[in-house]
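Each of the next two complexes has subunit A plus one more chain, namely subunit B in the first and subunit C in the second.
Moving on, here comes the complex of A and B:
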């Protein structure tokens, strides 16, 4: 473990991801910096199209065709991702870095038994014998809670994906991500396609895995309530940048950035009966239509002239809270006094 | 499941015809009414009757026995031909679809070049160039079937390479070839299977054509195409010699065609 890492499993600095169209580039993610500590659950929140999923895919270097990393560094477990060859990358994927995707219905191979699919990572990365792999697979199936009453995990391993419900399939995905005991799991909206009750079960599972195995989780979601429930720390993303970051308590109780405030105001749980939910007017500017200033300025209620001139720098508000807003300083002092 | 599988008319008809052809081919290994190559100058040009159920040819050979043995060679040749086409088609088409770019261009242009020749001409050249042996015809015809299977494998791969399960396999560290052959290949098997069955009917036709031209399996092994060619000279005196192998070819082609069509429908393609 190198010293400059400071215990972080993942450190992203000034990440820039660009979408290539003919001969021009659009920057989907621009200057994003992020860190995930070992064993920590970090929630990455933002609305659709703000670049969350691309950020997630850039870590294992699996960006879709037409999207390129044009700047920044990604340090995973002390190693710069861009300095690794294809072999080394494949070695990391699945063994040290697990991915859980959004669509459990289609992310499993329909023609393979789930046991085989969970075992695949072990086959690729571990030196275990076939019998040991089977055993580890059954253990993992039991751990993520796939067996129903009266069904052993070795029987469950013989199921095909179509025989399982969405929630169980997501458990299979989590088992696949976990079976090699990775140091980090990136979960890209893993519960969006699931019922609310199933969502709660999956959170419970993620939390117990985090406590038991000690793997860090980068949890990506557009749902603040979900993130609040699950995460230690939260990073709020808007138009390709992190606008506010901090411990879940700090961010949720004292949101500083106007965008975070808007998101909080639009949570149904917070409004009183009869009170209208707040909505943020306007829409996310698509890549290519962002000005040189703060991307949120056109929609911001407290916008000033300087907001359009330059991207506001990140301001540390406290030990575990920072925001990129020109208003951050003055307001935060006020709010922290009120505690 | 079983009831549903056999409710399609094409599938049932195809299966029945193919079963008859395959059964007579298999039976010929242990039993034929007469020795297919035994000449009997006393019974030349016999009409269909007991004991020669389909009559005899100009040498007095029993046509039914020759048709049965001919079915065996026809099936052997067409099965091996289509196997060559499928194996090379998959090996070429899947990387073309999966990697795209230069790989795709090079492979597909080669395949295009292959298709730009008339098939029969290519097979004739191949038979001439390749060392002559009993099964030279298989290699010659196999080449003809590579392009269509390459295209099918390529389009199937394109369909699945960006699927979520392929993406998740990559995220778990699977290499490109592993994603292709472990995850994508089983999923394109339905497309390949129905193409294989239809390909068999084309191969039977092509083999008969080559044998008719005298380029098929070497004599004295009976072949439907050559039986047709030999009977041609006596068409007006003894049409039976030509009608029987002609019907056999038609039946086999029809059977595999219907079976392929039925499979295509059943597999929902």
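Moving on, here comes the complex of A and C:
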């Protein structure tokens, strides 16, 4: 990676996250590199246990106890996260980087009105007066579509979280993440617990916010369809590493890594009725059981001897498409069409 | 085994819950979770039931397996009323979403698989063990797993065990309530393939309950779409998906994330904001919690085509002239 990527809001290089068990370490994430451009929506896809959520939590330095960052750098908006003190980190977390998680009820305070909770980060991070803060909060409530018909934003601000449905609570979370106009939102499976129609509304909301205030989104999901729907670029993660990366169309039309191909083939939405689904045998190896070679090798249909020896390097396949597979070169003859 | 044409039949099934909300002495507000549902599942058929959370689909599955009592209407399993069927569990079984909470954590897999046989006094210890081993092979685990505890298995393996346990008594129909929703996509494909294989092996019928329309389209012969306790559309999976008639079905299918290439003609390669799904009034975010059963169409508040009649009269689930066995509950279908 060169300095010409100075336009990135987030750049992660060789990230290593380790879980400590007694006196040994397991590496949950190993050698992960990722970038998110300004105003870009990047989808990070992977199955459970691949390390995608830990990667997300490492950006605002919110890793759970027992997990440590043991290598790599995280540059957010030109600043190295590990060189920041607690004060500066708190400032970044609230105002420049917003987070939205899967289950909003666990992140909302059940005893506070939603307006108060949305306003809180303004109180901490902006120099606005109380009246201005109230106004900004009502604006945000209207923008994410919380008020019920015949109810003003100021009335909606008086709701408690338990009075709202799952979809509305997720809108409150998004409002909280957005109210300080952050440069990046990290959304970790924000629609997984929601119905498809509500999910579609949340996507519409994320897209319009992305277009309107230009904040970048790191969107984490296990669902390829969702990522294709929403994201500009996609990174596929397996066992703590990025195995394939590129524009959504490149990755979904020409998947190169056997894992990406397997994921695509296992989607019932693409299969005809009666046709057998391509299933990837076995399961994701837990940290500590990954060999020294390609972590996917034991499940791969095209595995070779060399796959077990060393982690395959990242190979650039074309504009905006790369994969880490020893077979990637052979398949790079594909034609890239601009769709 | 009876000779009934249908493995499972619902005849005007309703279920009313009382919401204990107001004062200690007041009668709670009634809430109709399932409202006059009727359909029948043929032998060997995979019948899908889709709808959003709270629409009553799981309640219906539990009524069929007698896990929820006190329902109105009739449920026939293998042609016999479920309430008077003595050995109901050897006719119908259920598989749940989260196998960890439905498998006994203190027992080994072999014990878990043999349990239904023990309860129903089928065979002796040796033949039960043999049957459990055979079932372990059938569900793709192998007999070496009989010594293992549920917690030692992955999510996919656990789901294989609970499917195996459901089949030990050789039921004719299995209610699969979100059987793959908690699984990763690659494992989900393994389980869906397994369910298809077992259907052929054992001549099973499935009532396949899911919120995932892609999974239902792939697995099912016929589909019923449920909204606020009522069936709003029913037909062959192919028909319902390719030409949805009810406005709710249309919204559901349009809201599905597509895996087709995106057109990136707009500046910056950004896609247009989904225009098909209106950001509807959030009051109707959770329609099932409103008491919709009394008057009018349950979808009224969210329907872009609603008019006066929709608020006043519940439309009938009417047979459509075009497709065979196609039913839609809409005044304007």
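The rule is simple: the second predicted complex is superposed on the first by the 328 of 339 C-alpha atoms of A that agree within 3 Å, B and C clash if a C-alpha of one lies under 4 Å from a C-alpha of the other, contacts with A are read in each partner's own complex, and residues count from 1 in each chain.
Simple rule for what comes next: a residue touches a chain if its C-beta (ideal position, glycine included) is under 8 Å from a C-beta of that chain, and two chains touch if they have at least 3 such contacts.
Just so you know, these numbers come straight off a predicted model, no measurement behind them.
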Which partner chains sit in contact with A:142 here, subunit B, subunit C, both or neither? Use first/second/both/neither. neither
Open item on the list: A:197 in the overlay: touching subunit B, subunit C, both, or neither? Say first, second, both or neither.
Closed with: second
Between subunit B and subunit C, more residues of subunit A are touched by C
- prompt: After lining up the shared chain so the two structures overlap, which partner does A:165 touch, if you call subunit B first and subunit C second: first, second, both or neither?
  reply: second
**Message:** Tell me the contact category for A:309 with respect to subunit B and subunit C: first, second, both or neither.
**Reply:** neither
- request: Could you tell me if A:252 is touching subunit B, subunit C, both of them or neither one (first, second, both, neither)?
  value: second
Q.
Quick check on the superposed pair: does A:61 touch subunit B, subunit C, both, or neither? Answer first, second, both or neither.
A. neither
Query: In the superposed arrangement, does A:108 touch subunit B (first), subunit C (second), both or neither?
result: first
Note to self: After the superposition on A, what does A:283 contact: first (subunit B), second (subunit C), both or neither?
What the structure shows: second
Check: subunit A residues flagged as touching subunit B and also subunit C none
Touching subunit B in the complex, subunit A uses residues 60, 62, 64, 90-95, 98-99, 101, 103, 106-112, 120-121, 124-125, 173, 176-177
As the complex stands, subunit A meets subunit C at residues 47-48, 145-149, 165-168, 171, 195-201, 203-205, 207-208, 210-211, 222-226, 228-230, 232, 247-249, 252-253, 262-271, 273, 276-281, 283-284, 339
Seen from subunit C, its contact residues with subunit A in the complex are 52-53, 154, 156, 184-190, 192-193, 196, 211-215, 217-219, 237-238, 251-252, 254-259, 261-264, 269-271, 273-274, 277, 279-283, 285-286, 289
Residue set of subunit B touching subunit A in the complex reads 162-165, 167-175, 178, 183, 186-187
